[in-house]
Every structure is written in C-alpha cells, then in structure tokens.
Amino acid sequence: MSSIQLTPTGKLRHFLTIEGLPRDMLVSILDTAESLTSVKDRSIKKVPLLRGKTVANLFFEPSTRTRTTFELAAKRLSADVLNIAMSTSATTKGESLLDTLRNLEAMHVDMFVVRHAQSGAAHFIAQQVAPHVSIVNAGDGRHAHPTQAMLDVFTIRRHKPDFGGLTVAIVGDIRHSRVARSQIHALNTLLTGEVRVIAPQTLLPADVETLGVKVFHSLDEGLRDVDVIIMLRLQRERMQGGRLPSEHEYYQQYGMTTERLAIAKPDAMIMHPGPINRGVEMSSSVADSPQSVILEQVSHGIAIRMAVMSMAMQHNQPDKAPQAAT
Amino acid sequence: MSSIQLTPTGKLRHFLTIEGLPRDMLVSILDTAESLTSVKDRSIKKVPLLRGKTVANLFFEPSTRTRTTFELAAKRLSADVLNIAMSTSATTKGESLLDTLRNLEAMHVDMFVVRHAQSGAAHFIAQQVAPHVSIVNAGDGRHAHPTQAMLDVFTIRRHKPDFGGLTVAIVGDIRHSRVARSQIHALNTLLTGEVRVIAPQTLLPADVETLGVKVFHSLDEGLRDVDVIIMLRLQRERMQGGRLPSEHEYYQQYGMTTERLAIAKPDAMIMHPGPINRGVEMSSSVADSPQSVILEQVSHGIAIRMAVMSMAMQHNQPDKAPQAAT
Amino acid sequence: MSSIQLTPTGKLRHFLTIEGLPRDMLVSILDTAESLTSVKDRSIKKVPLLRGKTVANLFFEPSTRTRTTFELAAKRLSADVLNIAMSTSATTKGESLLDTLRNLEAMHVDMFVVRHAQSGAAHFIAQQVAPHVSIVNAGDGRHAHPTQAMLDVFTIRRHKPDFGGLTVAIVGDIRHSRVARSQIHALNTLLTGEVRVIAPQTLLPADVETLGVKVFHSLDEGLRDVDVIIMLRLQRERMQGGRLPSEHEYYQQYGMTTERLAIAKPDAMIMHPGPINRGVEMSSSVADSPQSVILEQVSHGIAIRMAVMSMAMQHNQPDKAPQAAT
C-alpha cells in the first residue's frame, strides 16, 4: 500500500492512507503544515506554491465541509480549483469512471482530491492515473481519511509538542469510522505512548485486536489518566441493523459530559472531527469548554491540506541537490 | 442597531441595515463606489483591495442574481470566493448554524455575505462572529436589503447629483419588501425632499406612519411632480392570503404605463430592483424607455458592493495617521 | 450568418458556427491554438491574455464536461469565470432570457459561453448583446458545436499536417448531431480531400446531399482507403420514434471493431467527441488502441477554446499598426 504513495526516491506522490507511511514522512507533513500555518495570519493569505496548477475536487459523496477546506487550501496555494460533483457529471451519460479520469488527465488536471463512499476508491484511481497526476484521499468508505488524522495529530503536537508518553483515547463508533482507522495508524506511528479505543462491542471492528490499541467498553474506565480524548461523530448514515438502541441511550453511556471529562487528566484535550451532534457525542458545555480544541482542528485542517497538496505536487519536480552546501 | 455595524472609532464593520447609520457613512459608501465605477472600464477590471481575503457567500435562500453580483464584486476586488448553498451543507447533517459559522471562522474566512428568509438573521450572525469577520446583509426576510438601497440612491445621485428637494415615489408591495424598507431609510437620511409610498392599504406595513413617508393609494395622484419612481417587484412568493386579486388587476391599478409615466416630471427616472415582471409592474415600453435606469442599477450594484466590502474589510486595519502630512 | 461573427475589419467577434467563416480565419484559430498548446506544459499553466475579463458560462443544457473545458480554458487565460446554470436562475422567477442577458451585460460580463437545447440560440443571443460582449457557441440543438469541430481538425492537422488529399469518414447519427454538421463545414473548408458520412438512411439529415459529402450506408464500404475515422456519439437523449432498433443491433452494423478498423488505411486515426459508449459506438480495444487519438482531442479542446476566447476578446481592441516595422 505504501509503495504507491511514494516515488522511488521516497517523495510523497499520492496521499491515500497513513498505513505504511514512514514516520519521517508524517513528521515532514507536520513540519510543512507548521510552516504554512502562518499564511492565514498574513494580510494576503496566499503562497504561490501551486500557481498555475489545476486541482479537481472529485466528490462522489457530497461533503460541503471537507470540499470547502480542500478548496480553500488549494486557493491559498494559488491553484485553480474545479469542483466536480461526480453524480451529476458524465458518468450519468454512461461514461465509466476510468474514462472520466482519462478525460480530466487529458485536460491537464494536476491533482484529484477524491471522496468516495467505497473503501479503496482513491487507491483504485491512484493506480490508474498518469505519472504527472497526484491523488489525495478525502475519505473512502470505512477505510481512511488521512488528512483528518494528520490534522488531529498536528493539533495534538501543537499542545503537547514532544508526543512522548501520551495516552490518547478514541471514543465512539470505531467500526464505521474511516477517521478512527487513520487516527490509530497515525498515533501508533508517531506516539510513544498508548492508544485506547472506547466503544461498545457492537461498534468495534472485527480486527480491532490487530490495530495496536487497548480496548475499553466503559467510558469511565477508559478515560483514566488520558491526555487526549478524541470523540467520533455518530455516523448515523453509515449504520444499519440497529447496532445502537437510541441517541439518548448512547449519550447516557458514551456521551462526554463535564463530569466525565474530569476523570481524564486535568489538562486533557477534547477533540472531534465535526460536525458535532451536541447532546449525542458530547454536551455543549464540553464542546465549548477551554479544553476543547475542536475549532483549532478545523483551522489546522487547512494547513495540513496545504502541506499535503504542495508536497504531493512536487513529486515530479527534479530533486534539489541535497548536499549542495558541502 | 447601528452600534454593531460600526467600530468604536466609527468605521464600517458590518453592513446589515441602513437604519441608524450616520449620513456621513452613507455618503462615504457612495463616494467609494464612485471611485470604483471606473474599474469596470479598465481593460483589466481588477483592484487588489481584497487580495488574499476569503469571502463566503452564505445563501440560505437561493438567489443566483444577487449572489452573482456579490461574487463578481469580490472577484474584482481580487478576493477568493466560496459559494456555500446552506441548505445542502452541514446543517442537514444536524449541525447548528452557530457551529457552521464557527467552522468557517476557523477556516479564516474574512467576510460572510448572508441571505436568509428570516428577518434579523444577518444581525444574529453579526452578533456571534469573531472580531476579524465582517457580515454583509444580502437580504433578510422582510427586514432589509441595504446594498440594494445604496445602489438605488447611488443611481439617483448620478443623475440628480445634489439630492436637493427631490420627490421620490416607491410604488407597489411595500409591506413585504425589504428593499422598500431599506430605500426609505436611505432616502430619508440622504434626501432633503419628500419620500412617497404608493400602494393599496393591504400592501402597506402596519407601521407605515412611523417611516417618514407620505402615503398615496392612487398611482395617478402619487406620481404628480415626482422626480424618481421606484417600482417594486411583486413578491408573489412572499404573499399569502389573497391580499391581491390578480396580476391583471394589479397592473390596471398600479402598473406603470407610458401614459402614467407622463404624470411625473418630464425627466423623472424610472427604477426597479429586478427581475421585472413585464406587464405586471410595468409595461415593456416603460422598462425599455430612455427614462428607465434599471440596467444602470444593476451595473452600479457591483460598484456599491465593492465599496461596502472593501470598507468593511478595512475595519481591523490600523488607522492611517490622519495628520501625517504636518 | 458569417457577417455577425466577424467585425467590419474581419476580426473574430463571435464564434457561433463554422459555416461561412473564411478559410483564413479557421487556419488562424488553429495556429493560435498551436501556440497555446505549450501553455499546458509550463510549470505555471497560465497566460494573462484574459486577465481582468469576466466569462460567464450560460448553460441552459447541463454538460459538466464541456463546461469544465471552457472553465479551464478561461482560467488558463487568467479570466474570472461565472458558472450560471440557467434553469435554476432568474428565468424561473419569470424573467425573460433577454432581461437576464441585459443584466449580465450590465454587470460587465465580457463573454458568454452558451449551450442551449434549441438550434439558433447562440445566434439569437449574439444578435442582442452589447457591442463589447462576445458569444461563443458551446452547442445549440442540432445546429452547431464549432469548438468541437475545430479541436477535431486541430487533432487531424497535428497528425497529418498538410491536410492534402485526406479522406475523412464520419460514422453514426449524422442527423441529430451538431458535432457532425460543424465537422463537415470545417473539413470542407480546410480539406483538399473527401468527406464521407456513413450511416443508415434514418440517421441522415434530409439535406445531406447539399452538405458536400459522399454518403455510405455500409461501414465496410465507407472505410476503404480512409485516413481519419470520426465516430459520433449515439445521442440516445436526442432520439425519438424508434429510428434505431437497439444498441446491440447498432453495434453489429456500425460499431467500430479491430477487424473493421483494419479496412481503413493502416495509419488511420480514430476519433470520438466523447463520452464514449463502449460496446455501442466502438469496442474498448479500438477506443484504447494506438490509432485512437480520443484523449488528444480532449487535450486539444482546451487549446482551441483558449484560442477562440482570446481571439474573440480582442475584437474591440484597436488594431495594431501592421506595418510598424518599416
């Protein structure tokens, strides 16, 4: 999986999943994002890194929110952006996905940002595209949402810079969450501490044991000594077959309240990928508390996406001589 | 109401309603628009006043026309523009309006252009946003449509520069019209003459006496000695309960024809916010007559929106030292 | 027809149809496109030819694909682009097409790219617009799709540079195809060879004899000694009354297969305006064969549209003194 994401010389070509990416690459993304966060504070919030490049947002699944952050990131890099809602496009005229891709390539689109309801869609596309094109996965089925995971670890690193010995708990519907899956890979690669998942058995994936996490079914137990709490969104639209009794009951057992938050470390950060269901995943008092960094996450999402896009776009640039100084 | 629109030093921060804005501020908007009208005649129709800024069009009510003029105005100021059709966005995922706003703020959007079916929506949003964000009201319920009113008075001033002693008649559905309400405030603040409203009793607001206008029920009587005639659009979509018998009957009584236009002063201007219902509010011969300035209004709408956007965006810039020259 | 497309001094003002345009003008478009093809290979894929200009895509008929190529072409020329889906715009508020046009003109839009289901729509609009505005026809009913025809002849010229004595066959539903009509005019103006159409009688237009083509009903016969094969898309959405028995039967008689391709000259090019119905107009092996230039066509579509847009936008520039050098 990782080989397709990197060039032979180890540069980022596609960004599809955290899984298999070396630690150095993740750190490099975080560092690039760090250098780009200042762009938002300039009076002119633009850098010319992608000037004259064309980025196409291929959203097979609608998502105003994610599309907007990618669009903003691309525009702040000075790229031209095409928004293509795939359901209404040529595929309805009987054109296959592959033909659509070949056509966009022929129009000299440089990067596709892909969201798709099917796991593996971004990989499939990455395997097919021309050498000059890069793919960024903006969420595929239950599989991965790697820019979300990177903005999460970026947010953690900004508050707890050394990552050393941190305990991070992910709470909620792990089973249906591409976000959780990517977070676990990112945290395990970068963290020296412990990753916990807290969920009822029905909301855990079958392979949870292989993910390198400690499983808790009780929120109160799982929160003990935790530095970072990541609440997942209850993906009602992805759930079938009544795994959950009701939102009310869920909140009773797994909703974050001020009282429960007090079980974690006093300086524990509370995170959520958004949009929040207030009163389901957490109370409003928690969402708006000083420990909440939820809006910081949104803000850092732009910087992370700028970092990933600009790094991937350089994959076909000639290497700069690395020992030029000596 | 006005206090929220101005900074402590009296600069424009939000542009929500004409009501309560000082005369100087309105004149300053008109003068800025005047200086920006020449942009459209340049071969490169751009000024860098908003370069690197992000403007989000938040349209809770669809309006291609108004959205397009704001989008063009923002682009001619070199801003990046996000179009967010709010009905299809995260609010359908159960996210509250406030969470949506906080998220867009976190993405470092600098300005929201808001259109909403509910009166007061733009004010509500302005009360909530972060210090760096400006709100421009693009129409809220029956309350206000202040950029429309400003482009109207701008168009009047271009033809009758001194504003002195002008008589202006507003004809039609005053009751349901945010445009009329804003026009009346603008005209009363800027004009030394008389503002008339001409409408059947059923299409007048309950508080019409307090608005500082002279009421006429007969079009023929109300048009006498008038310098400027503003026809309102018949807002069929906002009317309920049969206040109007039929479009045909309306045209008989309140439709503008060449004959009726002759009752006003010979150089009377005829205006309409568009889109016109030909044969309902006015005949085609009136709409296309030399006295009609309806298309000028559209053109000036860009300049006024550029003026308001660039002025509001400067609210958090440091004041330039005013006596620098001495 | 041609007079409306050219200024009195013979410059391109509108681009509505190939019919009636002089050979020199078509060659000039091809040459300009040739000089612009290199733009796509630059690291910054932009030229400032339309900087500060506003291009509005007026699509009365949805077409993501064509709209996207025009949008990309305009952006690579540095224009600002407005996408206006006309069905959802002010025309639904009862505003006439003409009022919509007048309004967009008043907003200082410089160019309209028009797609419409009705033949003649682009001409009608071109007859109405203000002197500074240019119209580019992006497909009107069964009438014309001139940029498609130009990108086709551009693609042919790149492979067979002298155009001399070529035999070109157009295969499929000539009757309902605006593409075929424009291709025939372009080929007859530029080519010294022979233009053939291959179709069943039911899919030929009534006036086929007047178009200057040689008619074949048998694919095998028509392909003999052919240099260029243009397959048309089966316009299922434009067909009524059962002129065709079934897609399967069509493929049996007029579908391009590797075997049939072998009837043409060994270096025959195979073309298609896209999107392809694989297994209807041609087999996948033909679509993806080395003789296929279908994706090149897409790529050249950007260059041709850039050429047409930049040439039309110069119609109201002063002529540069042509003998300045002497």
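Letters are used for the chains, namely A, B and C, taken in the order the chains are written, and counting of residues starts over at 1 for each.
As a convention for this text, a contact is a pair of C-beta atoms (placed from the backbone, for glycine too) under 8 Å apart; a residue touches a chain by one contact, two chains touch by 3 or more.
For clarity, every value in this text was computed on a predicted model and none was experimentally measured.
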Open item on the list: By that same contact rule, can you tell me which chains touch chain B and chain C alike?
Closed with: A
Open item on the list: Validating interface symmetry: for the copies chain A and chain B, is the fraction of residue numbers used by both over half? Same or different.
Closed with: different
Open item on the list: Using CA atoms for the superposition, what rotation angle relates chain A to chain C, in steps of 5 degrees?
Closed with: 120
Task: Computed distance of Cα centres, chain B from chain A, in Å - done: 41
- [ ] Would you mind listing the residues of chain C that make contact with two or more other chains?
- [x] none
Task: Residue ranges of chain A touching chain B (in the complex, touch as defined) - done: 40, 42-46, 62, 64-65, 68-69, 71-72, 75-76, 274-278, 295-296, 298-299, 301-302
- [ ] Sort out for me which residues of chain B touch chain A in the complex.
- [x] 51-54, 80, 82, 84, 88-90, 93-96, 99-100, 102-108
